[in-house]
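Scrolling down, you'll hit the structures one after another.
Across the two complexes that follow, chain A remains constant while its partner is chain B and subsequently chain C.
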Partner chain A sequence: MEAMTSLPLMTLMQLLFDTLLGFALLWLGWRALASPDLFQAIVLFIAFGLLMAIVWVRLDAPDVALAEAAIGAGLTGALLLTTLARLEAKNRSKSALEKKHKVWLMTENVKLKTASFLWLMVILMLLVSGLVYAVLTLQEQTFELQMLVSKNLESSGVSNPVTAVLLNFRGYDTLLEMSVLLLALLGVWSFGGIPKPHESLPGPVLNMLSRLLIPLLIIVAGYFLWVGSDAPGGAFQGGSVLGAAGVLLLLVGWRLCIRFVGLPLRIILVFGLGVFVSAAVVLIFLGRQFMEYPPSVAGALILLIEAAATLSIGITLAALFLVGRPEFRRHK
Partner chain B sequence: MEIFYLSIAFFLLLTLLAGLWRVLRGPTAADRMLAAQLFGTTAVACVLLLAQAFERPVLRDVALIFALLAAVTAIAFVRRAWASGEHSDAAK
Partner chain C sequence: MLLSEFFTVILLLAGAFFFLAGTVGLLRFPDVYTRLHALTKADNVGLGLMVLGLALQAESWAMTGKLILIWLCVLLSSASVAHLIANAARKKGIEPWKQ
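On to the complex of A and B.
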């Protein structure tokens, strides 16, 4: 009897919660984009990441919620804050020079604005129509796919369906994602060396906090890597937590010893991708398809690939935070 | 009991939205950043309540990540944005 009466109330409460969450998310997204103050926009973006993770929780996608919490709300916020600080430092040193050319720049800017605005609109319209088309042509019944995954779950070597899809059934996706991350780092590195650090020594509070937090972050990264085979978690989640540990180390002023900056760092960066590709290629020589893991060793293979990927993803994210190729410092 | 947890989560979401006022008003960067940190704490509580309400213990891991990484954002702010200084609306 009690269950009967409380059920509609529960649905109503869920509806209220979801509606508020949805509108808050849209509003935050709009404000973050429209805010003229960059710092305010970053804070709004961090709040957006938090709410987005809660939305994924409500959509019953804990794997995505974990990734969003780690990357969207945590790492990206720190990355954006550092970028903003660097931008402002650059602007201060440049502003004296630019004052002379200011009038010229402004007139030029107006001309550029209308032309680039039109182009931007065209590109955005194309993008939006592509997205609308993709949503409209989306298959309605994904139930068959779910059945397909759960039917083949046993041969995948893991019991978490998300990990099974990402590392086994559709391993290509993860492989390409990891290459994208590596390419992003190469892009950042191509901008040149890191600017001279002008950092104060960390105070006693920060010193203590980093000593407590960094081992904890590393343990949690290992936990997510291990738990990924039968519960939400995995290489990307573990990697981003490991990356956060690296970012924290860089923030308190720690730098990689110059001996390890060259080849050793690069080997670790491509280690994940290397293990992934070589496992797939070795299988071809053993008479199987590219990336077709034999069910008997699939579990161990996935764990091996994920362990290598976690390490590489973590180090790549931390290296992204440095903004620039670390080796450059030697020449200066 | 589930309805109780969900109601509290809803209330926390409301307080989070109230906190946005501080983000928009400022006046200093530290006010805004502290509001974001408070959101992090609220989100931890919110996700933990949702984990109880829908009996999904897995969600506690999400709260764990929130709690761990909120500190990283705060430290990035203190070490970079705040240390480089002069970032307050009062100075403008």
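On to the complex of A and C.
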């Protein structure tokens, strides 16, 4: 009797929770876009990311939830906040280059108001209709795909289906994601001459917090990497936690020793992608397809690739936070 | 209902009450310092009660350990972040509210 009454109550509560969550997400997204104050918009965006992570948990996708919370809310929020600090520093400084830039921006603004608005609307409408079409033509049940994954899980070398898909069955997706991240860093490094905001010394509290948290973050990154083979976790989750440790180090004023800023840093940045591509290419020479891991060594290969990827992703994200290429040729 | 379930419900409700109190404080208090005070103190206790309640239902000691670790991490970071925000506000010249 008790089970019969408690079951509909439970689903009703879940429905209520999901509805509230959905509306809160939409409201936060709208407020973040419409807020005239940039700082407020960023804080709203971080809150949006955290709620989004809960949505992924509700959709039974803890892997995505972890990545969303760490990258979508945490690291992107930190990146946006430093960008804001640099924008404000830039507005204060009055170099010649700065003025030229401002004029360019203003003319851009005027143009946008008159003609480009219509074009933007057309492009947006195309994008929206494309997305609607994609959603409408989506198969309701992708049961065959699930069956396909679980049938071949044994030969993938790992027991977590998400890792099996990301690193083995559709490894090139992850490969391309990692190259996108590397390209983003190259793009950031290509912009020079961004004024640095005034850096204040970290107080005793931030110092102590970093001393306690950074070792813990490194352990958690290693845990995510290891646990990814049979539970939610993996290279991107571990890498973003490692990146958070890097951001914290940069915040307390730690800088990479000048000896390591040149070639050693670059080697670490491309290490993950390098290991991934070389593993795939070596397999071709051994008479297999590109990225076709032999089942007997697939587990070890995936762990190797993920370990390299975690390191590279973490260092790349921390380097993104630094904004601008670390200088190492100043004395030449 | 088992005794442990009973205690879990009591602890979760108590935790929710503290979260509610913290949120009301955040919305109703007059300035940034008092709001931080309400939010961090109440939420730390609220989360502690919730973690205790959930730990009673944990399947293994490892799970209990993880739950307590989460609470300790949140305690550490929320206390530090509250201090950092308050410090930044003070440096910006925001005067504490005086009746």
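The criterion applied here is as follows: the second predicted complex is superposed on the first by the 303 of 332 C-alpha atoms of A that agree within 3 Å, B and C clash if a C-alpha of one lies under 4 Å from a C-alpha of the other, contacts with A are read in each partner's own complex, and residues count from 1 in each chain.
Just so it is clear, contacts are C-beta pairs under 8 Å (C-beta built on N, C-alpha and C of every residue); 3 or more make two chains touch, one makes a residue touch a chain.
Note that the structure is predicted; figures quoted are calculated from it, not measured.
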item: Clash or fit, chain B versus chain C on superposed chain A; value: fit
item: First (chain B), second (chain C), both or neither touched by A:57; value: first
item: In the superposition, chain B vs chain C on chain A residues touched; value: B
item: Which superposed partner A:25 touches (first chain B, second chain C, both, neither); value: neither
item: Contacts of A:214 with chain B and chain C, given as first, second, both or neither; value: neither
item: Which of chain B and chain C A:304 touches, first, second, both or neither; value: neither
item: First, second, both or neither for A:206, with chain B first and chain C second; value: both
item: Shortest CA-CA distance between chain B and chain C [superposed frame, angstrom]; value: 5
item: Intersection of chain A interface sets (partners chain B, chain C); value: 206, 209, 213, 216
item: Complex contacts: residues of chain A adjacent to chain C; value: 203, 205-206, 208-209, 212-213, 216
item: List of chain B residues in touch with chain A within their complex; value: 2-3, 6-7, 9-10, 13-14, 16-17, 20, 23-24, 26, 29, 32-33, 35-36, 39-40, 43, 46-47, 50, 56, 58-59, 61-62, 64-66, 68-73, 75-81, 83-84, 86-87, 89
item: Residues of chain A defined as touching chain B within the complex; value: 6, 9-10, 13-14, 16-17, 20-21, 24, 28, 31, 37, 39-40, 43-44, 46-47, 50-51, 53-54, 57-58, 60, 62, 65-66, 69-70, 73-75, 77-79, 81-82, 84-86, 88-89, 199-200, 202, 206, 209-210, 213, 216-217, 220, 224, 227, 231-233, 237, 241, 244, 247-248, 251-252
item: Residue ranges of chain C in contact with chain A within the complex; value: 73, 76-77, 80, 83-84, 87
